[in-house]
Structure formats: C-alpha cells, structure tokens
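In the two complexes that follow, chain A is the common piece, with chain B as its partner first and chain C second.
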Partner chain A sequence: MQNFMQFMVKRLLSAVIVLFGVSIVAFGLMRLAPGNPAALMLPDNATVEQIAAVEAKMGLNKPLIQQYLIYIGDVLHGNLGTSIFFNRSCGELIFGRLPATGLLTFAAVVVSILVSFPMGIISGIKKGSAIDFFSMVFALLGMSMSQVWLGLLFILFFGVFMGVLPTQGYGSFRNLILPALTLGLPLAALVTRMLRSGMYEVLEEDYITATKARGIGNFKIYTRYALKNALLPTITIIGMQIGQLLAGAIIVEQVFGWPGLGSLTVKAINMRDFPLIQSILLVTASLFVIINILVDIIYVAVDPRMSLN
Partner chain B sequence: MKKSELLRRMKKSKFFVIGLVIAVFVTLAAFTSPLFVVHDPIQSDLRKRLISPEFLANGINGYILGTDALGQDIFTRLVTGCRISLLIAAAGVLIPALIGTALGAIAGFFGGTIDNVIMRICDIQLSIPTMVLAITVMAIFGNSVPNLLLVLAIVGWTSYTRVVRGSVMGIRNSEFIQASRVLGASNARILITQVLPCVLTPLIILMSQQIGFVILTEANLSFLGMGVPLPNPSLGSMIADGREYIATAPWTVVVPGVTLMIIVLAFNFLGDGVRDILDPKNKD
Partner chain C sequence: MRKRIICCLLAAVLGIGTLSGCGGGTKSSTPGTNAAGGTETSAGKKEGGENVVTFSMSEDVYTWDPMGQPVVPFYSIQLLIYDMLVRTDHAGNYEPGLATEWSVSDDGLDWTFKLRQGVKFHNGEDFNADSVKATLERGAFNNTLNMNFLWSDIESVEAADEYTAVVHCKKPIGDMLNQLTYMPMLPAKALAEQGEDMFKTSPGTGPWKFVSWDPGNEAVFVRNDDYWDWGNQKSNVDKIVYKPISEDTTRVSSMRTGEFDLISNIPPDQVDVLSGTDGVTVDSKPGTTISWMALQSGQGKPFADKNVRLALTHAIDRKLIVESILGSGSPAYWPVMEGVTGYDKDLESKYNQYDPELAKKLLKESSYKGEEIYFMAIDGKVPRTKEVLQAVMSMMTEAGFNVKLEIMEGATFVTKRSAGDYDIAFSNVFYNNGSPWRHMITHWLSDSCNTQLENPEITSLLTEARQTIDRSKQDELLKQAFTLMMEDGGRMCYFINLDTINAYSNKLSGVRLYNDTIIDLSRVMKN
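What follows is the complex of A and B.
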C-alpha cells in the first residue's frame, strides 16, 4: 500500500510537470500568432487608441512572464478566459460540449471492444484460419481508412442508398450509431492486431503447456490463463488511444455534424478565436493526462507483477 | 545480412511485394502525370459541372472519372493531388525522422538531465492530441506547404525519439563502444560512427510504417481546410469538396476516397513487409 502511495505521488508529480509544460505551449503558441491579438479581436477599422485600450485591458503591455503568471493564475482559479466569437466564458463553452464528445468517445470504445475482442482472441488462437485471415484484412483496412472516408462511406451506404440511418444530428441512439462506428472501427483494427499477437505469444508460453498437461479445458485456458496476460498491452493501447479519440472526434464530428468538442474546435479555428483554442488545448491535454493516470492505476490493479516505479 | 538473403526475404513477404507494386505504380502515375493529363487541374468550367464518370468512352480526352462541382476533371486533380500528397509524405517522414533520431540518440547516449528534459518534452507533446495540436499550429501560422511540414514534424518526432533512445540505451555500455572510447574517440564520433548504424534497422522500420500515417494526417488536415493550400488539389480537400454532392454525385467523394485508401493500404503493407524483412526476430 505504501508502495502504491509512492507510485501515485510520483505519477501525479510528473502529470503536474506535463500540464505545466502544456500551459506554456498553449500560452506560447498564442503569442507566436502573427499580428496583434488585440487588433485581431477588433474590427478592421479600429483606431490605434482602441487597440491600445484593448491591449491594456488584456494585459498585453506587461512583460511576457507577468502575462503568463496572470494567465496561469486565472486558469488555476477556473477562469479559462472569454471566447471572442461566442462572447461567453471558454470553460462554459467547452464543458457544455464535453458530454456529446464523451458519449461519442465512450460509444466508440464500446464498438472497438465488441468488434476486436472476439476477432483478436479467436485469430490469436487459430492462427492461419479463415477467421484469422479475415481479421488481418479487417485490421489492415481499418488502419488504412481515413475517418473522413470511412464516415462518408457509411453516409453513402446507410444514409443515401439504404436510407435506414440518420447521417446528421444528435440526440437519439440512432444518431449515435454511424459516428460511433466511424470513430471506433480504426481503434478496433489496432486492438485486434494487438490482441491477436498477444494471444498467440502467450499461448506459446510454458505455463500454458503446464495447464494443458494438468488437463484443464481449452476454454478455461484461453479465458482464465491466456487472456489475462494478453490483455495487458491492450489496456495501455486503449488508454493511450482515448486521448487520440478525442482528436479523431474532430474529424468525425465534422463529418456527422455532431455538436461536440471537435466541432467547437473547428469553429474556434475558423473564427481565429485564440482564447478558445488555447483553452481547448489545455482542457484536452488535461483530460488526456487524467485518463492516462487512471489507466496506470488499472494496470497496477490487474498486473500484480508491475513494479510500481 | 547478405544481399541474397535480403532479396529472398523480400520475395517471401507477400505484404512487401503487394505494397511495393501498388506504391511504385501510384508514384509513377503521379509523377509522370504531366505527360498524359489533358485537362488543367485548377481550371474550372461551370458548364461542365458534375459530369458522371465516362471512363474511356470518349478516350483520354473525355472525363474519365467525371468532373466535380466546379467542372474540373477529377482524374487530373486526382493524379496531381497524389503527386502533392506523396511529396509531402516523403518530406513529412524524413524531417521528423532526422529531428527525432538526433534527439533520441542524444537522450539515450548521454542520459541524465538532458535525457530527462527531452523525454519530458516528449510527454508534453504526446499529451496534446495530434489533430488538436496540428490544426492549432496551422491556424496560427496559416495554410502553406512549409507550415504543413512544420506541423508533421511537430506531431511526428516523438515516435522516432522514443524508438532511437531505447535502442541507444541498449548499446550505450557495450564493449565496442567502450573500446572506441578507450581509443580516444570523441562522443560525436562514437555517436555517428558506432551508435547510428546500430539504430538504422528500427529506424527504417518505423519510417516505413509512418508513411501511411503521414498521408492520412495530411488528408485529414486538408479535409478540414488546413492542409494543402487552395486551389491545389489534394485528396483530403477533394473529399471535402465532394461532400455536399454525395447523394447526387457520389463519384466526387468515392474516387478520392478509394484512392486515398489504396495508397495508405499499400504503404501500410510496405511498412509491415519491411518489418518482417528486417526484424531480426523473424527467422522463418
């Protein structure tokens, strides 16, 4: 237990360092933007005095270090700044959009697990079989599909030709199906591959031969003895990919008109809404870091061999 | 590995052969396209909009794969777009590979503080989702090919750094390195003449596997209007342009979509094949 506490303290400390770095990146990128941020916020015909007034209000005339300290102070007090385009607090906007993206990401992970677990496990057990071949083709195709193209293919097939599923919008379960498939299948492809090779390698181990010798049934060997070990790298991959799913959601949300964080990001970028972009960068990175800590905890819980340092 | 052994493994890997054939075909078609295309890739003609694919009904002067909403020949835009995408992919793999290898070799070889600093920067980079970072940088610096390469370098270097660092750490204390040191070789000399050749294999494998990823990233950025600047054609922006007409003129989306899939699939095959061939564990 003490070991675990030490591990957590270390892990949290490195998370803080990473987030500190992200805040510098978010702050620095906005300062690198060409043009005066104050001028960008005002209409083109703004006078020099107006620009100067906004500059003073935004604190742009202070030294850079001081500007950063003010920024980080605000963030720590929960104030992410005000969006120029929406004229609302960035925090409110982002957290208002998070449920939609969260739902989509969750559904995508469910899709990927439902598809990849049976395929990966069976093809790992029966290497060289028809199912194995099919899984490998699926995995390679899934990893080579742009989500743009996959999404539009679904729209074309289920929306245009068959007309059975809605292709745009948000609200019902039927709306969720196509975006979740589009976001989840590439991840399923990756996990299928990992599980297949994981299963295959574990089944070659001596301890599996030993269980066979003891006369334990195949089903029990696969589920109880082999899968547990084959799953470990898969958990890491899924954890790492959840952060990337948030980013993949940018494309998928754009294709399906899903009102989540992704479409907010594209809007913010198109409107050059720099405070909002900055906040999105910070929030997504924080989410990613938090998810990774959770994955680490799960990992330690499933694998007692994990050395905690 | 001897040349004959290498050749034998190449022939044996189906992935490698299929990937290589398609990749060479696409690359040749893209780069020789100025010799055989008859239409202008960026000349619009609204009288000829959304013509469905004629294939070779009107010979090479017809609209083989149809026209888009601006009356531009899709086949011409396709091969031109492939050329741009492949050029970007080549630079988009090489630049991050160079930066990442240099940083990874330094981090793995020297260890200590410099290793810590480089790896923390890696962590920071990895905690920002690729697409969010990519479109932010594009939005700030504006759409252009150099900026696109900058973005690909920023999102790509970490994989190389991690792989190279790992390999270098594995050999840092080997006897042959110590021997060089005893003979009085400088750190720089050891890094270049002794360490780099050892990391070449994992590096080549990683680079070949990254090509598909780079092409996809470029296509995604172009789809969002933040990749190859208009009016140059690119597979991603062609898909984006055709989206509105997906119900009435599906070829505007299907043609670039299928092409993108085939190209990425070919390079992913190639990457897997290269790994099968070079991976020392693969002793068939």
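What follows is the complex of A and C.
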C-alpha cells in the first residue's frame, strides 16, 4: 500500500509537469500558426480598428505572456475560458462532448479486443494454418486501410445496401456500432499481430516444453502460461494506442456526424478559437496521462514481477 | 497456390461474417423502426407520435447571433425562428413581413415602417417599434459584429409611436429593403437585459421556436402554435431538427436511407445516385454562388500589368472545366449571374471568353517575364477543388504563365489575402436575394484582398449605385461599373457560377428552395 502511494505521488507530480508543458505548447502553437480569430469573425472588408476592437473584446490585444498567465490562472481556478465562436464556456462544450468521444473510444477498444484476442491467440498457436493466414490478411488490411474510406464503406454496405444500421447520429446503441467498428478495427489489426507473435514466441520457450512434459493440458498451457506472458506487451500497446484512438476519433466522428471532441477540435482549429483549442488539448492530454497511469497499474496486476517503483 | 486462393476467399467471407456478426443483434430492426428509448432521429418515423422533419447541411451554426458569424445554414434557420420587417421571393420582389407598409423620403435618408400589431416574441415580449430600434441600432453601432458594415450608414432609429419606426440614415442605403429581408427582429427588453446570452434561447417571433442546440449534433425547433401568420397553412410538423454533417458522402447516404428529409450542398457527382433513390427528389438549379480569383496588382507584381490580367482571363477555358470536371454550374464571364442586379446577357458574352491565342499574344506583349505566379486557394470552395485548379494551372501554363498552386484552409488564406501575400487568391461568394451588394461592398468598395488596384471611376460608380434606391437606375449604374471592371481585367477574375443542389423527401411539401442556397422550411408539411 505504501508502495502504491509513493507510486501515485510520483506519477501525479510528473503528470503536473507534463500538463504544464502541454499548456505552453498548446498556447504557443496556435499563435504561431497563421490566422487571426478576430479577422475570421469579421467580414472581409473589416477595418484595422474593427479588428482591434474585436481583439480587445477577446482579450487578444494583451502581451502574450500576460494572456498565458491569465489563461493558466483561470485554469487553476477551474475555468477553461470562453469559446470565441460558440460564445459558450469551453468547459461546457468540452465536457458536454467528452462522453460521446469517451464512449466511442471505449467501444473501439472493446471491438478491438473482441476481434483481436481470438484471432491473435489462435493464429499464434496454429501458425501457418488457414486461420493464421486469414488473421494476417485481416491485420494487413486493417492497418493499411484509411479510416475515412472504411467508414464510408460501412455506411454504404450496412446503411444503404443492407439497411440494417443508421448511417449517422448519436444516442442509441445502433448508432454506435459503425463508428466503433471503424475506429476499432485498425487497433484490432495491430493487437492481433502483437498477440500472434507474442503467443508464438512464448510457446517456443523451454518452460512451456517443460510444462508439456509434466502432462498439463493444452488449454491450460495456452491460457495460464502462454497468454499471461504474451499479454504484457499487448496491454502496453493498447494503452499507448488510446492516444492514437483519440486522434482517429477526429476523423471517424466527422464521417459519422458523431458529436464528440473530434468534430469540436476540427471546428476550433478552423476558426482559430484559441481558448477552445488550448482547453481541448489540455483536457485530452490529462486524459491520456490518467490512462497511462491506469495502464501501469494494470500492468502490475498482471505481472507481479513488476513493482510500482 | 490453390490453397492460398481458398484461404483468401475464406478470409473475405469470414471478414464480412465477423463484421455483420457484430451488428447481428440488431439486425431484426430496420431503419424507421427505432428501438425504444433511443434518441436517434430518423425521418419517416414519428418520435412518440410526433411528426418530425430532419434536415442537414454541411456546416454547424456557431454563434446564434444573426449579426455575428453568418454561416450558410443560418440564413435558412433564421427563417424558422425569426421574422423580418420585409420578406422576399428571392427574385428581387418584396412583400410585407413584420412591417405592413413602408415609404422612403425623397432624399432617400428616412425610411418609415408601419409595424404589424399584436405580434409576440416567443418569450412573451411584444413586438413594437422598440424592437426595430434595438435590432437596427445594435447592427449599426456595434462594430464588433460581422454584419455591422451593412448598417453603419444608419444614423439613428426613431420609435415615432408604438407601431411606427423611422430609420434615419447618414447616406441613402440603396439596398435597404433587401438587407432587411435577412435582418431578424429581436426582442428589445431581452436584448438589453441578457446581451449576447440571449442567443442561448434565441426568442424570435417566427413560426418555429428554438428549443435546444447541442453543438455538432443537432438543433431542435418546435412549432409555434401562436404564430401570427399561419392562416390556413399551419404546418402539421411538430418538430424540425437540424443536423450538421460535414462529410458529403455520409449526408447523401443518410438521405438515401431516409434518415434525413432534406439535405443541401450535394456534390455534383452524387446527383445521379440520389436521383435514382425512391422517394427522393433532387432539385438542381443555377445558383448565385460565384467563384473568383483576386489578382494582386501591387507595384512590381505581374498582374500590375493590365495585359497580364487580361491574358489570364482569356487563357481559362471555363466551359471545359464546367463540362468535363464539375458536370454542373456554368462559366462566369460577368461579376453577377442572371437574376442579380447588374446582370446583362449581351455584355456578359463580350468579355472574358476563352481565346488561347489572344492570351498568348497579350502575355507576349506584356511586361511578364516568366516570374512565378503564386496561386493560393481555399479548399472546398468549388467541388473537386484540386482537379479544377490543376486544370486552370495547366491552361495558364499553356498560355505562358509559370504557376505555383497551393490549396489551404480558410484561416491561413484570410491572413495571406489581407496581407496581399499572393498573386492569385481563389475563393467564392454568394449573392442573396438577387443583390450584389455583399460582394461589392466587401471586395470592391473596400480593397479587402489588398490587390492595390484602384480604379476611381469604378469606385465612384459603385458608390453612387449603393446610394441609389431606384432599382432600375441602380441596375444601370452597376452595369457601367461592371463593364469598366471587365475592360480593366482587374482586381477580380470571375470563374464559375455554381449550381445549387438540394434533395428532399417526397413526403415533404411546402418547402421553398431558392437558388441562392437559402431554404425556407417555415411552412413545411409532412405526410
């Protein structure tokens, strides 16, 4: 327990440093990019005075350092600022949409596990078999197909031709299926490959041969001895890929009209909505950090050799 | 080898099996019979017995301030929630809206509007001269609002009595009536008390009430049973839902499956697919969106030379691009198209025609010595932006230009455009209600593209036209100004007029689809 507390303190401290860095980068990057939100809000013939007036209204006329300090001060008080274009608080916008992205990401992880575990394990055991070949074709396709294309194919096939699933929308389980498949399949492909090679390598180990010699059944060997070891790198990969999933969600959400953070991010960037972009980045970075901590904890639970230190 | 092929087939079959297996649990339900409890809105279905119309365009609404950030869908949405003083048939004719009659003084400076009595806002406030004063003065005096430039010539608005408003102008506003057709009347008291927060509830006087907006997901409106102007045409629809879907293919697919009742902004290459769908009508007509190229003509720049500008316009085979790449739209040889003030068929055919030999000759006689022409464009302003502009580029190369093309997103474009940091800047503009003034004010009366090309004669003609209330006189002045622009080859090279393509379900009636991309659903009926 003491170990655990130490671990948490250490990780939380480093998380704070990471998030501090993210806040600086998020603040700086958007301001380095060309584009001025005040000019975008006004018509093409806006005068310099008009642009200055709008900038003043947005607080963009202050020195950069001061703007940053105001922003950080607000964040520490739990205020993520007000979106320039939506004219609503960033917190309300982000946390209003986070559940949708969270649900989609979670569903994608579930999809990828459901698809990849059976395929990866079996093809690792039966290397060279038809199932193995099929899994590898699947993995190749899954990793190389663009998600936009995959999403559109799903829409056409399941939505338009078969007519069994809605092509867009949000709110019911049926709406979730296609976006989750689209987002989850590339990860499933990756995990299938990881698991397959992991299983294969472990099964070659001496201790497996020894276990066999002791007369332990195949099923037990696969599940208890081999899978447990093959699982370790897989968990790391899934944890690390969650960041990738959040990025993929931006595309998938656009395709399916899914009202998550992704489509909000695209709009915020197009409109140079500085406060909103900063806050989105800060919130997603925090999520990513939290997920990584969780992955570390799961890791220890799976492999007692690892310690939290 | 054979084993491999069998394996491949097996893989394919299993793949499809797996995928459909994941959705298998819900296979029994077909779209239109929603599982209970879902909030999925799909057309053809009555949610809890409600008659719902769902429509979709590509963009979301950002701020709900009608004067704030005008995005295309909002021109249609504001017709649901609000009323304007004046209504239009989008062909240049005006009818009474919240104003029952109006008159203008001889000098064009004072407009008197008699207002409709007994009209209430959705929040219970009465509509009266104070609403007109608050709405118009906000537009005229608050220069941080996007549409302020349309109204800044207003001096003051006087509430002469409860139902008479007099608008006093500093200069005559020739386009006054048209501008009023997209100026929603706002409740004075709520505006004073809540400021911009009022747009979180958006109370208007219109036939539909704003209920909710979930950014990126949907906006919901319900029928206003107390609407003053239902007459015997009261809609049988209970609820209208607006859903923004930015991916064109998804929007079209959702129309095909019946999830949407109406969609706009359909890419020309999807028209055939949609026309072949049962129960869907595709409505395609020449639109009022025109794409343009601003020419940077500052000192030392290639386009400072008139011959280079003319060479460009004659080098482009607009007709070929329309026919072979776009499959819709029409070539633009004149700043405005049919139906917009200042259009002239005979004049149009005199300028900018494709003539590669003339282009080569003009370029040879010019001061252009093969300098690189930096051609920048906003992505998505014409369908197939990349193919279209590559065609333009190769036509230009043919004539002797040396072109570098860059397609970018809007924010970067706007920065470079205002700085004049380009040779050619490609974008588009749309004319609403047959009025050219939005474009003329923003790009010709003000050199907002920083082209540094000034023709005082054009400016004075346009200024005079802008202050001319008489439409036929205005038309005449505009034609003169446009002729000068074309002779000069300058500031803007007009390129292509885009079609307006919408599709709607045959269950709908009473929908008015105008060619200026505005859709009036206020009197929609659904069977």
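Keep in mind that, in the parts below, the second predicted complex is superposed on the first by the 262 of 309 C-alpha atoms of A that agree within 3 Å, B and C clash if a C-alpha of one lies under 4 Å from a C-alpha of the other, contacts with A are read in each partner's own complex, and residues count from 1 in each chain.
Rule of thumb we're sticking to: a residue touches a chain if its C-beta (ideal position, glycine included) is under 8 Å from a C-beta of that chain, and two chains touch if they have at least 3 such contacts.
What you see is a predicted model, and the numbers here were worked out from it, not measured in a lab.
J.: Between chain B (first) and chain C (second), which, if any, makes contact with A:156: first, second, both or neither?
T.: It touches chain B and chain C both.
J.: Mind working out whether A:272 is in touch with chain B, chain C, both or neither, as first, second, both or neither?
T.: The answer is both, since A:272 touches chain B and chain C.
J.: Quick one: classify A:33 as touching chain B (first), chain C (second), both or neither.
T.: A:33 sits against chain B and chain C alike.
J.: Taking the superposition as given, does A:259 touch the first partner, chain B, the second, chain C, both, or neither?
T.: It touches chain C, and chain B stays clear.
J.: Once chain A of both complexes is superposed, is A:177 in touch with chain B (first), chain C (second), both, or neither?
T.: The answer is second: A:177 touches chain C but not chain B.
J.: Determine, for the superposed model, which of the two partners chain B and chain C contacts more residues of chain A.
T.: C
J.: Is A:294 in contact with chain B, with chain C, with both, or with neither (first, second, both, neither)?
T.: After superposition on chain A, A:294 lies in contact with neither partner.
J.: After overlaying the two complexes on chain A, where does the chain B footprint on chain A coincide with the chain C footprint?
T.: 33-34, 141, 148, 152, 155-156, 160, 254-255, 266, 270, 272
J.: Considering only the defined contacts, which chain A positions touch chain B in the complex?
T.: 14, 17-19, 21-22, 25, 29-30, 32-34, 140-141, 143-149, 152-153, 155-156, 160, 243-244, 246-248, 250-251, 254-255, 265-266, 269-270, 272, 277, 280-281, 284-285, 288-289, 292
J.: For a test of understanding, state which residues of chain C touch chain A in their complex under the given definition.
T.: Within the complex, chain C touches chain A at residues 3-4, 6-8, 10-11, 14-15, 18-20, 22-23, 26-27, 29-31, 34-35, 37-42, 60, 62-65, 68-69, 143-144, 146-149, 196, 199-200, 214-218, 243-247, 249-250, 253-254, 256-257, 259, 409-412, 414-418, 441-443, 445-446, 448-449.
J.: Which of the residues in chain B end up touching chain A in this complex?
T.: For this pair, the touching residues of chain B are 120-121, 123-124, 127-133, 135-142, 212, 216, 219-220, 223-226, 236, 239-240, 243, 246-247, 250, 253-254, 257-258, 260-261, 264-265, 268-269, 272.
J.: Help me check something: in the complex, which residues belonging to chain A touch chain C?
T.: Answer in residue numbers: 33-36, 39-46, 49-50, 53-54, 57, 85-88, 93, 96-97, 111, 114-115, 130, 133-134, 137-138, 141, 148, 152, 154-156, 158-160, 162-175, 177-178, 181, 254-257, 259-260, 263-264, 266-267, 270-272.
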